[in-house]
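Given below, in the form of structure tokens, are the structures.
Across the two complexes that follow, chain A remains constant while its partner is chain B and subsequently chain C.
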Partner chain A sequence: MRPPPWQGPALPLGLCGTAVLGLALLLWPAARPALAAGWLAALLFWLGIALGALALLAIHALTGGRWGTALRPVLAPAAGSLPLFLPLALPLLLSLGVLYPWVAEPELAGHPDVARLYLNAAGFILRTGLALLLWSALAWLLLRLEQGPARQGVAALGLVLHGVAVTLLGFDWVLSLAPHFHSTAFGLSLLVSQLLAALAWAALCRGAGEDAAADLGGLLLAAVLGALYLGFSQYLVIWYGNLPHKAAWYLARGASPWLWLEALSLLLSGLLPLLVLLPGGLRRSPAAQARLAPWLLAGLSLHHAWLVAPAAGPWSLPAAALATLSVGGLWIGLAYRPLAAWLAPAAQERAA
Partner chain B sequence: MSAGPEEALLPRGTSYGALVGLVADPLMRRRAGRPWRIAFAVSGMLTLLLAGCTAWLFLRGIGILGNNTAVVWGFPIANYVWWIGIGNAGTFISAALLLTRQPWRAAINRFAEAMTLFAVGIAGLFPILHLGRPHYALWLTPYPNTQGLWPQWRSALVWDFAAIVSYLTFSLMFFYLGLIPDLATLRDRAQSRAGQVIYGVLALGWRGSARHWHLHDTLYRTLAAMALPLVVSVHSVAAMDFSASLMPGWQETIFPPYFVVGALFSGFGMVVVLAALIRWGLGLQAIITPRHFAVMGKVLLAGSLGMALCYGTEWLSAWQAEDRAEREHLRALFTGPYAPLYFAMLGCNLLVPQLLWSGRLRGSIPAVVGVAVVLNIGMWLERVLIIWNTLSHGYLPSMHGVFSPTLWDWLILAGSLGFFAFLMLGFARLLPAVAMHDMGKLLRRQRSGA
Partner chain C sequence: MSGLLLAEFRDPETLVAAARRARQAGLRGLDAHTPFSVPELAEALALPRPRLRPVMLGAGLAAAALVYALCWYSAVIGYPLNLGGRPLNSWPTFLVLSFESGVLAASVTGFLGFFLGTGLPRLHHPVFAARGFARASQDGFFLAVDEPGLEPARLAALLDGLGPLSVRAVEP
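Our next item is the complex of A and B:
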């Protein structure tokens, strides 16, 4: 495995980015919604890689296969870093009032029951906290337990809870930005795009080596197809139904500049990977995978910005770019140095 | 992408010749036993019953069924979705397990693919049966006609027709391609002239040369890779028949993946049941082992958990919806006239499969088969209730109405089950129920690993 890119300057970059965002917040309080939306887009992207890594570790604990063993040095620190997202989610939790309209106007949550029992600030914070604690605990167990029935049990139960947690997180963090909009496949779609992000991250770090490169290529292709399928089927159902409260969500995201953002995202994380991964020779080449991965990840990052930013206006795009640098810098800087070193003996034991 | 330990999949010390004998001898050297004859006769009668009911339906019209102005889809479309779901699994299982290099595939893929062909064929009958004017089914095809009429390509139903026909054609090709080397084996082992000629013609001159194998493997793997998106598309398009409408409970984006998960769940359930019957009927205990059932049990458990997630998401989303009809729909699921059936469905699909968390029960063939039968009943109930619940409680209260199936509904369902059994029984006597050449490859891998 190669170290992740920019590992050297990651932490200083992350700290600088966070400081700039903090300064912007102080100097320009009106930009708070845009900054919060930017932070949310960045969190979704980086947390997505970590959660994808956790899900892949759990899947591998159940199915076995050489790909999982090969990718473990990349996936383990990513999944092990999940507790870091507890403090990283704090800026989001402190900005609920400026980002989510239902905080100020509970009637937007729909039925009064929903506002009282589910979609309120306390519920949001509780669900986010519990989900992050659950993922942290799962990662810790999967990384510490020896392969055997206990680890398989944790992985099986963990995947079920993971599915529930990702669905709820997707509904809360993203869809409740427009509380009238519901899309039941959104959680599943988020889950698959997280798997894709983690696989692309592994390809970027050349985690598979020569041995498992063919498997990684196949998995990447399957994940790209899965993400495209779920994204398109949501759009198709809503386009076909053409119900105002559902269509409005897509109409807002179909206006300029958001349309171009998603078009670029589809090009980078949909069309380009398909063109590269369909020919067998390229699909099996670790070098081709590593060259494809940054573009694919950039496409996914743009997709997250497309989901979130229209709720807060175009200024959230530069905020998202800066926040992606900040969260990413902090994450790479902390996860892949101290954590990788801490996990390394355990990883070697497993490999042996 | 894994290759687990293979020691329990094949008997120790076995040879390729012995494996071929085990699979081919029931076809070539043994006469059908009494249980097969009885089953064939009963299923033949049920097939005649289906033909008779269909004829009566065409003569009298769909008034003989329980379909009414509220629940217009009734049993036929529920049966269609159930059968197409079962039909989804065979090709998927075969292709996905090939691409992920699962060694336990070899014992089950052949009859699973046959199951797909028969189930999809039967599924395709039901939409035609419920048309009322079945001779207009032709209008779904883009045929050249003097009026210059074309199907409405914005209709999900037209896409559904195209998806089923493509899938059936593809599955037939995939099945036949996998069968060619085994047909050549049967040609070489056939003792009668007729057998030699028929299997010989079907084997297309297969000699088993290195070049043949190379081309065969390349094409087969390519088709397998194409099969996966196709399988997903078929049931997704079937789901679009529902979600493209604006009815409460149907206009859900999760329907396409949810239908696919449900299809694989019920299809795997049917494979488990067929595996047990074929194992017993053809004496294939050495090839289809308890380990196969244990692994399939895990898949069933995963399918059940996936279904639970889909149900939960639907409930949460309907509860949060502003639309009064959505919340009413949710209430009707648990308290409406079909609530007992809904609870039974949840019990069959969600509760009973949880038994498979126990490794001891997964190791017991009767337990896994029992769960598979229960979940297939549950999945049939689910298909029925998706239609009944939504159509019984649409937007217009004046259009609310309950569905009561008639005798003809039940007879057609029983006839379709009989027809499926009839086709599977015929398959089991005419073609090798297990892919012999794949077993040979497994044997070579086992030996080289030993």
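Our next item is the complex of A and C:
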């Protein structure tokens, strides 16, 4: 494995970006919705990599395979960094009122009981906190336990809970931006795109080496197809159903700037990886995978911006770019230096 | 004598080493028989790249185009029905059928092409006459050399140090 890119300047860059965002918040209070939406898009992207890494570790605990052992040095710090997202989610939790329309108008939830029991600020904060704590505990257990029945049990139960938690997170963080819109496929679609993000991250860090590169290539191709399949079937069902409150969500995102954003995202994280990964020679080459990975990750990041930004206007796009830099800088800087150093002796002990 | 020689090995690594050595010695008519796919063998035996993939891709694309054309024809020209105001050319629904027929056609082509490429209509092969050759589908790794005039003793000398379980000529 080579260290993640920009590891040296990551932490200062992240701090500077956060400072600029904070300054923007003080200077233009009117920009709060855009800044909050940008931060949300950035959180979805980087948390997605960490959660994908956690899910891959859990899957590998159940299935075994050379790829998991080879990717562990990349995946372990990413999954172990999950507690870091508790403070990183604070800006989002502090700006619920400006981002989510149901905070000010509880009647948007559709039914008074929904607003009272589920879709309210306290519930949102509670669910987000519980989900992040659950993921942190799962990551800690998966990284600390020896391979055996106990670890497999944690992985199996953890994957079930992970599916529920990702679905709830998707509903709360993304879909409740438009309270009338709901899609049951969204959670699974988010989960698969997180797996894809973690695999692309591993390819970027050349985690697989020579011997597991073929496995990583195959997994990347399968994840790209899975993400495309789920995204398209969600669109198809809504297109065919042709119901106003669901079509409105896609209509808002099919308007001029957003359509091009998603088209670019599909090109980078859909078509390009398919074309590159289809020929066996390129699919098995670690160099080709590492060259593909940044474009794939950029495409996924654009997709998250496409999901979130239309709710807060075009100014959330530059905010999302800056926030992606800030959250990413903080995450890379903290996850891959102290955490990797702390996890490495444990891994060596296990190997010895 | 047919000149077909068989050398049996315990594991794929030795077989690959033996194949490399036989190729470097300039032996012709090399082939291998293994219970499962050994990726390094293609390079060790200098086998030509199979041309199956482009054929599969072509078949998949052709089937997808054909099915899309079929959907388009029946919905736009054959039976133009207004279904809830949707356009006649409802491409999102057609894409699913096209994609799945493309995958089906590509995989069927792959299966048929593989069987034809391995000579399926022919039910016999000279190596079947060798005793114990059935282990090639269990745990035996065989190197076949079809070089006229090559004695088993010479092949055994060439493979010295690799410890073949047996080196023998196949009686036709």
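Miscellaneous remarks
In this section, the second predicted complex is superposed on the first by the 348 of 352 C-alpha atoms of A that agree within 3 Å, B and C clash if a C-alpha of one lies under 4 Å from a C-alpha of the other, contacts with A are read in each partner's own complex, and residues count from 1 in each chain.
The rule we apply is simple: a contact is a pair of C-beta atoms (placed from the backbone, for glycine too) under 8 Å apart; a residue touches a chain by one contact, two chains touch by 3 or more.
Note that the structure is a prediction, hence the values are computed from the model and not measured.
Superposition note: with chain A as the common reference, chain B and chain C are in steric clash. In the superposition on chain A, contact of A:Gly64 is made with chain B only, not with chain C. By the touch criterion defined above, A:Tyr240 lies against chain B and chain C together after alignment on the C-alpha atoms of chain A.
When the two complexes are overlaid on their common chain A, residue A:Gly110 makes contact with chain B while staying clear of chain C. Judged by the touch definition given at the top, the superposed model places A:Val160 against chain B, while chain C stays out of reach. Looking at the shared chain after the overlay, A:Trp331 reaches neither chain B nor chain C.
Residue contacts after overlaying the shared chain place A:Leu219 against chain B, while chain C stays out of touching range.
The partner of chain A that touches more of its residues, comparing chain B with chain C, is B. Only one of the stretches 43-51, 61-69, 133-141 or 151-159 belonging to chain C has C-alpha atoms clashing with chain B in the superposition, and it is 133-141. Across the superposed pair, chain B and chain C both touch chain A at residues 233, 236, 240.
Contacts from chain A toward chain C in the complex involve residues 232-233, 235-236, 239-240, 242, 278, 280.
Within the complex, the chain C residues that touch chain A are 53, 57, 84-86, 92-93, 95-96.
Within the complex formed with chain A, the chain B residues making contact are 1-4, 99-100, 156, 228-229, 232, 236, 240, 243-244, 246, 251-257, 298, 301, 305-306, 308-310, 312-314, 316-317, 319-322, 327, 357, 359.
Interface residues of chain A facing chain B in the complex, by the touch rule stated above, are 62-67, 109-111, 113-114, 118-119, 149, 156, 159-160, 163-164, 167, 171, 180, 182-188, 215, 218-219, 222, 225, 229-230, 233-234, 236-238, 240-241, 243, 245-246.
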